[in-house]
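Below are two complexes that have chain A in common, paired first with chain B and then with chain C.
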Partner chain A sequence: MTVGTTPAAGLDAAAREALAELLLTLADDEFVLGFWDSEWTGIAPMLEEDVAFSSLAQDEIGHARVYYELLAELTGDPADGIAFGREPEAYGHCRLLDHPRTDWAFSVARRYLYDTADAVRLEALSRSSYRPLADAVAKIRREETYHLMHGDVWLRRLATGGGEARTRLEEALEVLWPDALTVFTPLAREDVLLSTGMLPEPISVMQQRWLTRIAPTFAALGLPFPFLADDSIYRPTFPVDLGGGRTQHGDAFQWLWGEFTSVHRLEAGAVW
Partner chain B sequence: MTATESTRAVSEWEVWEALAEVADPEIPTVSVVDLGIVRQVEVMPRGIRVEILPTFVGCPALDAIRDAVAERLAPLAAEIQVDVTFAEPWTTERISPEGRRRLRESGFAPPMPATAGLVPLLPVARCPFCDSRRTVLENPFGSTLCRAIYYCTDCRQPFEQFKAV
Partner chain C sequence: MSTHTTEGATDAARSEGRIGQVENEGVWEVFRQEREGDPMRHAGNLLAPDAELAMHYAREFYGRRQESTRLWVVPRAAIVDLSDPDLLQPPLDRSFKKPGGYVMREKLRAARKRVEEPRG
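== the complex of A and B ==
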């Protein structure tokens, strides 16, 4: 698939390198989440959610494919090779997506945190000076609208469901909050992305906009929101460690990697 | 086919006519033109270039559509190029009135008109079987990425709606 016409040729080496890093984080986030979601296919708590999570997974892997193809046009490496041909250490997804599927409340909580953060990121990237990315994001955002609606319904349902549903949701959020911040891990070449307008605003600004946007929902539902607002700036009440936010991966991801690369490792270049 | 005919330049109109015969692989009664998937046709001295828009980014039918378009146009020119583009987002507003009619005929509720914003899903669809508006959204996700599942409380039929996007 060719994705539009590429002004990649007009970028200098530093800009290419910076853009490649950004695209890889976007691609790996969607790719890894898509595979975790697909783990619910066949075993979700109700039939509707079996269908929903399978669709969500298919959407995310489709989005990842677009980002990998944009990256492929930039580097000349084949998209499939980038998606499936790396060692686990080389994946750049955020630590929020390093956890296994766990239970239903955990998956719902993670999706909510990721989707709302991703929405802020996509909103910014729809104004990227790199036109192929801005165009793809415009399309992807329309689909993500459905993910946001789905996540909002389920967060409210579990939060107001009382009993075990509520307890499990709270427990999941306690575990996930510190890692949720890693969606907004600063990029090594962020200065280049900002000066070229490929990234229209600093990642730290996106992080604050995200917290500002979701704070009212957590307040209304009385769910854990471990931040203190100080002069409109949300400061975490826990020690933040974004070091390795996109580079350190645990055993759960090792297992998932083994699953999603199994065909590629058996026969690289295999087609359906 | 005589030599004169084979070298005759094909018109853009003929290309659109040919594309109108290419069926959507998942809903074969509707053509890719009626679904608004074809964005642009360009006739060049040696070949034809067509731009198509993905309905949903992760839609596996996209590759099948690209191949079907290329195959249908192959007799018309020496070189056929089918490019997938995001230069403008495909939206359900691109489905033609004829496409909407055919969707309904095939048992799908056509999408509701998309509102200006990004949240176009309305919880009501008109039943494609009995025309009732007393329907319930069962699931915004369905058998394919582009469909939502509804239930008609009048004729008691489940049905799918082409999801507004």
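== the complex of A and C ==
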């Protein structure tokens, strides 16, 4: 097998299964975040931000579509069917994305944590030996540049805004931190992904790189960062439970699922 | 003057970089270039509390559909406004200032004749 050119047809059953799991987690993360954030359309703090945030949400749905289509090529199932045709328990988004929209500070904090984590993940996947994924990620990363800038400006704004903005941001982070780590929930077939080079580095390594990268921002803003650096390794000061990090979904997601599948469920198999 | 008071408050809000009420936010004028080499044309304006968010919003309003290759985002306060009619629309005939104000046809014909005569 030549590194950098692994066509779907050249993958054995184990590799296909492993890749399918990876693609589904990527797709579902973007898909679910896109729908949560689209809940701000019409009610964001100001008109300009309403357009901006809705556009970001739309971008995420676009990225999800790219991943669902890669998955469709691999499995032969239609992308729309994968996106809309599953029961809520079958979605593989991480627990960070299981929380509802809540308030503006909460949505900003969640987006900051997710976007910075996703950036580390995309950086690694741009070197994936599965070329269609590496190519797609290269394009997605160009759009994520803007998402990172937008997240950064809002995190700093709320953190230094004082009063209610600061308090709400801190409260949101307290709730979100334990679940933020679930972006890097180990995958069942990670060993296969690593040995084939489809995943260029272990998920646990990505997690550490993410924490190392964002630690200075949280320190500078004096925001909650519940980790202790020990020999350049960030260890959480709270009990970590990544079990079910991508399989346990609560009532909030049940509601969202009902919303985003409502049209699809009106008439099963309808064609656009 | 009351307008000056309002402008002062806007400047203060802008320098603090905070989001205030709508009347305390800055207006930004956006210019866009559609294709490489095209001139910058006025696209419209938006409200944002500082340059950073103004840039984000300009990108969303005038660039998210790949319709622009470059944007200029300018605080309206940086624009020097000139609309004095005495300077721009003076009452006397100014047609002699326009290139079309000179009737060149006869002069050109005479000149051509002068150039052609020695040859003939």
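The working rule: the second predicted complex is superposed on the first by the 262 of 272 C-alpha atoms of A that agree within 3 Å, B and C clash if a C-alpha of one lies under 4 Å from a C-alpha of the other, contacts with A are read in each partner's own complex, and residues count from 1 in each chain.
Here is the rule we go by: contacts are C-beta pairs under 8 Å (C-beta built on N, C-alpha and C of every residue); 3 or more make two chains touch, one makes a residue touch a chain.
Since the structure is predicted, the reported quantities are computational estimates derived from the model, not experimental observations.
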{"item": "Clash or fit, chain B versus chain C on superposed chain A", "value": "clash"}
{"item": "Contacts of A:Arg101 with chain B and chain C, given as first, second, both or neither", "value": "neither"}
{"item": "Which superposed partner A:His249 touches (first chain B, second chain C, both, neither)", "value": "neither"}
{"item": "Contacts of A:Glu143 with chain B and chain C, given as first, second, both or neither", "value": "first"}
{"item": "Chain C versus chain B, contacts on chain A by residue", "value": "B"}
{"item": "Contacts of A:Glu48 with chain B and chain C, given as first, second, both or neither", "value": "both"}
{"item": "Which of chain B and chain C A:Arg111 touches, first, second, both or neither", "value": "neither"}
{"item": "Which of chain B and chain C A:Arg121 touches, first, second, both or neither", "value": "neither"}
{"item": "Touched partner set for A:Gly161, first chain B, second chain C, both or neither", "value": "second"}
{"item": "Superposed model, chain C segment overlapping chain B, candidates 1-9, 19-27 or 37-45", "value": "37-45"}
{"item": "Where chain A meets both chain C and chain B, residue numbers", "value": "48, 51-52, 55, 146, 149-150"}
{"item": "Chain A residues touching chain C - in the complex, by the definition given at the top", "value": "45-49, 51-52, 55, 146, 149-150, 153, 157, 161"}
{"item": "Chain A-facing residues of chain B, complex", "value": "54, 56-59, 62-63, 66, 83-91, 118-121, 138-143, 145, 149, 163, 165"}
{"item": "In the complex with chain B, residue positions of chain A that touch it", "value": "1-4, 48, 51-52, 54-56, 58-63, 65-66, 132, 135-136, 138-143, 145-146, 149-150"}
{"item": "Partner chain A, residues of chain C touching it in the complex", "value": "17-19, 22, 46-48, 52-53, 56-57, 59-61, 64"}
